[in-house]
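Each structure below appears as structure tokens.
Both complexes below contain chain A, partnered by chain B and then by chain C.
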Partner chain A sequence: MRQFFPVDDLARDERFVQTNMAKRMADSRSAVGVKKSAKSRGASNRLTPDRHDASEAARSLMHGIMVGEIQALEGAGRTAHDFAAGDGSGDTIPFELKLDMARQAWDEARHVEISAKLSDWMGTELGQFSENTVLFEAACSNDPVLRLAGVNRALEGLAIDVFTQMKEFGQLAGDPFLEFCEDWMLADEVTHVKMGSDWLRKVTENDPDRRAKALEFQQVVDKLFSFGGARGDSDESPIGLARRFRELAGFTDDEVDTIAEMDHDALEERKAAVRLAQEAAGV
Partner chain B sequence: MSTDADTASTARAPFAPWDRRDLPGAFDVAETARRVGNYKWTEMKLFEALGGWVATVPELDVKMRLGTHCYHHAWHAELWHKRLPELREMKPERLTVPANDAMARFITAMTEPEGPELTIEKLVGVYRVLIPRFVAAYTYHMNNTSEITDAPTIRTLKFALQDEFDDWRDGELMLQSLITTPDQVRRASEHQSALEAIMVEAGGITGPGSIGGAE
Partner chain C sequence: MSTIAVTPERFTLVAYDADRIAEITRGLAERLQLTNPIVIEVDERTPLGKMSASVDSASSDATIRLQLESGALEDTKNLTNFSDTRAHLSLGRLLLRASDRLRDDFADAPPDRDLTNAQNTAWKVYCGGRLERLGLAPIQQQYRYDFRNRFGFRDDVDTLFDRLWASENLGWHDLPG
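Coming up: the complex of A and B.
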């Protein structure tokens, strides 16, 4: 077995359809598109049950969660495999970090089980929506510290936001089954983000350059997964920023503020791009 | 006012009538540490392989099982890692080694299959060759070590064995569901034979004497 495994070789059965992020976001059934309808409450674009497209959007998001969990499982498994146990320098990671990655693999496997059952419960078939494999790409770095920053902090951080939103969706929709499951997954994700925060600080304790590079990579992934501001503090964003849970997971207030600013900028950029496109089309 | 109960003797034998544990055991501290080091190395190699294979298997149920079992073996490695300093090995890495060259070659051969069409080979190596060897070595150790002086090792062996039995059953179920044609039977048995031959050369997870009888 190779030490590093390329994203193009991820093994899937024939039901899965893989695509890139732009195409995935362009799916009109997506939960994260900026769209408002006459039935929406005020200016809010949050994913709530009263949105006219709530059913389809929630199904799309849940399917996205499931394939994301599959990739998170694969990523954690690869990190447990790809790096030898050592002092954290070079191509090694501490033995205890390998153990944490194995633990995360188990947690993600349960999340796949949970989201597969929830998808079924919501009436979705596997492969009904396409799979964007960018999450696993973030787990392909040759530097384990970049994997911690990109996957455990940026992407698992996004998972905290998404699960908080879905938990609220379940609560508002009167679906205790959904609310219950999302709350359990949320607890695991906070653990994973904290794991990433702690190990990032520990492994780069005496290497400020490596830490800076990792945090820079985290920002790149954070921006990419802001989905053009689809996640953010603004009510225009379908998914809110779960500040309290992020704090529990080891994010500082400054770090959360930075993410919020980035989300806001991404949202404004996207709105400007939409305006330009509309003007060009004479709308 | 005193009663009969207050004056009755509380003196009892140190071992209750139902406690038949014995002091003698087959392994001294050094031999126990050597075996534990071999266990830790092999459990590590196993959890690394299971984690690595997750991305390579297309069958969704197998993918999830491998992720789950990956943690079981990581936990065993952790338990053995913690046991080593208690056995006077202050540098656990020194004893975290394969029993011999053949054992190292076995792991290399077991982890060689990578393609998405090789799920049967991956599972055969783990669930029909390596895990049965864990069950054997752990059982032998548990039944032959001192029940009193080495109780901590026995406790860990019991936890690990429970997982090994459960995982063995999961693996066998997955294999039986995947092996449905004569060609697949041939593939499974040929791969098992090739790996068994190396394992026999190694003498088991702790080398010759893994299950006793090596003189």
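Coming up: the complex of A and C.
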């Protein structure tokens, strides 16, 4: 079976249209206020049922979760297959790490099924929204330790934030299926992040340079996964940072604070870019 | 035939065509037998999809004003691109709402900006059923989910939804909210 699969070759049927971060960020519109020092619309953008567009926004996020789960499945599966079993040095990974990745792939496959059924329940057709392939792109590194940092810590960390938000949405709306399913998937994601944190420490135990490089890579991916500040502590961000669950998954307070700062920077950078683009377009 | 004005006449942030928006609106107005002048304002600065309809009086020649954020006309598979299907559903819903507002029994309906989320959703469902009978293809499950979010995830709410979806000629006070 082929190793190191490029993002362009992911198998999708004709219902799915793929996009990437470059195209996404080229969109010069913004859902948040972009005027300097202005907080958008004077109200929270958090994805809660009292938003006028709550259902549509929840459908879009749920679809994003579903395609994210497909890519997480593909990423975990690739990591289980792409590297030979060994002591963790070079391009090898411990056999037990392979087993964890196989278990994660099994979890993600279940999440895909759950997310597809939830999408159906919410009235979404598969492929109704574009699929951003940024998640899989983070899973394409040639260094397995970078994959742990990018996928298990950054991507699955984002999943913790998103599932917490959706679980609360279901709870507030009184949607029993959404709340229940998100809660169960959230428990898996905490486990996946914990696996990544543990393996990252173990595999780089005697290689501080490699660990530093991995954590640096994780910061780059974390900023990408902020989606221009769509996730963050600010009320302007639709998705909050799930600090408690991140703590359970092995993130330190300092690490979460760093992510929060990057989210804030990403939001301000995005607002500045949109402001410039709209001024240039004269709107 | 309705006179239709669309602003902006030329879009810069999204790949929309004002003439196409006017053409779709004209076709829908004819099917709804609306001959009023129609003014359409699209806010292309935001990807959100809020929309509203108003009439400047209750007279038969009142001007209908439709306001939409760009997301209401967007192809969600290809962001910033126009979707004919979405535009038919969004503009059709707004024209039905405007047509309701021209009726005496909708005189008490608050302006769209003052509607509660529940009132807005109930009216949306009432429009959704009529759009389906006009031959458009709204996804009923989406409307049902929106309705459940506002009124509860219960069997009696589903029954109410089914009644609203199948209804014609309701007045403002027939809508829940």
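Simple rule for what comes next: the second predicted complex is superposed on the first by the 255 of 283 C-alpha atoms of A that agree within 3 Å, B and C clash if a C-alpha of one lies under 4 Å from a C-alpha of the other, contacts with A are read in each partner's own complex, and residues count from 1 in each chain.
The working rule: contacts are C-beta pairs under 8 Å (C-beta built on N, C-alpha and C of every residue); 3 or more make two chains touch, one makes a residue touch a chain.
Small disclaimer: the values here were computed from a predicted structure and weren't measured.
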item	value
Contacts of A:E205 with chain B and chain C, given as first, second, both or neither	neither
Touching partner for A:A11 - first (chain B), second (chain C), both, neither	first
Which of chain B and chain C A:T124 touches, first, second, both or neither	second
First (chain B), second (chain C), both or neither touched by A:E261	neither
Partner chain(s) touched by A:R78 [first = chain B, second = chain C, both, neither]	first
Partner chain in contact with A:E216 - chain B first, chain C second, else both or neither	neither
Partner chain in contact with A:D235 - chain B first, chain C second, else both or neither	neither
First (chain B), second (chain C), both or neither touched by A:M101	first
Overlapping contact positions on chain A, where the chain C interface meets the chain B interface	none
Complex interface listing, chain A residues touching chain C	17, 19, 23-24, 27-31, 49-50, 52-56, 59-60, 120-125, 127-130, 173-176, 277-278, 281-283
In the complex with chain A, residue positions of chain C that touch it	8, 12-14, 44-50, 70, 76-80, 117, 120, 139-146, 148-149, 152-153
Residue ranges of chain B in contact with chain A within the complex	44, 47-60, 63-68, 70-75, 77-78, 81, 93, 111-114, 116
Touching residues on chain A, where the partner in the complex is chain B	1-2, 5, 9-13, 70, 73-74, 76-82, 85, 95, 98-99, 101-103, 105-106, 108-110, 112-113, 116, 126, 136
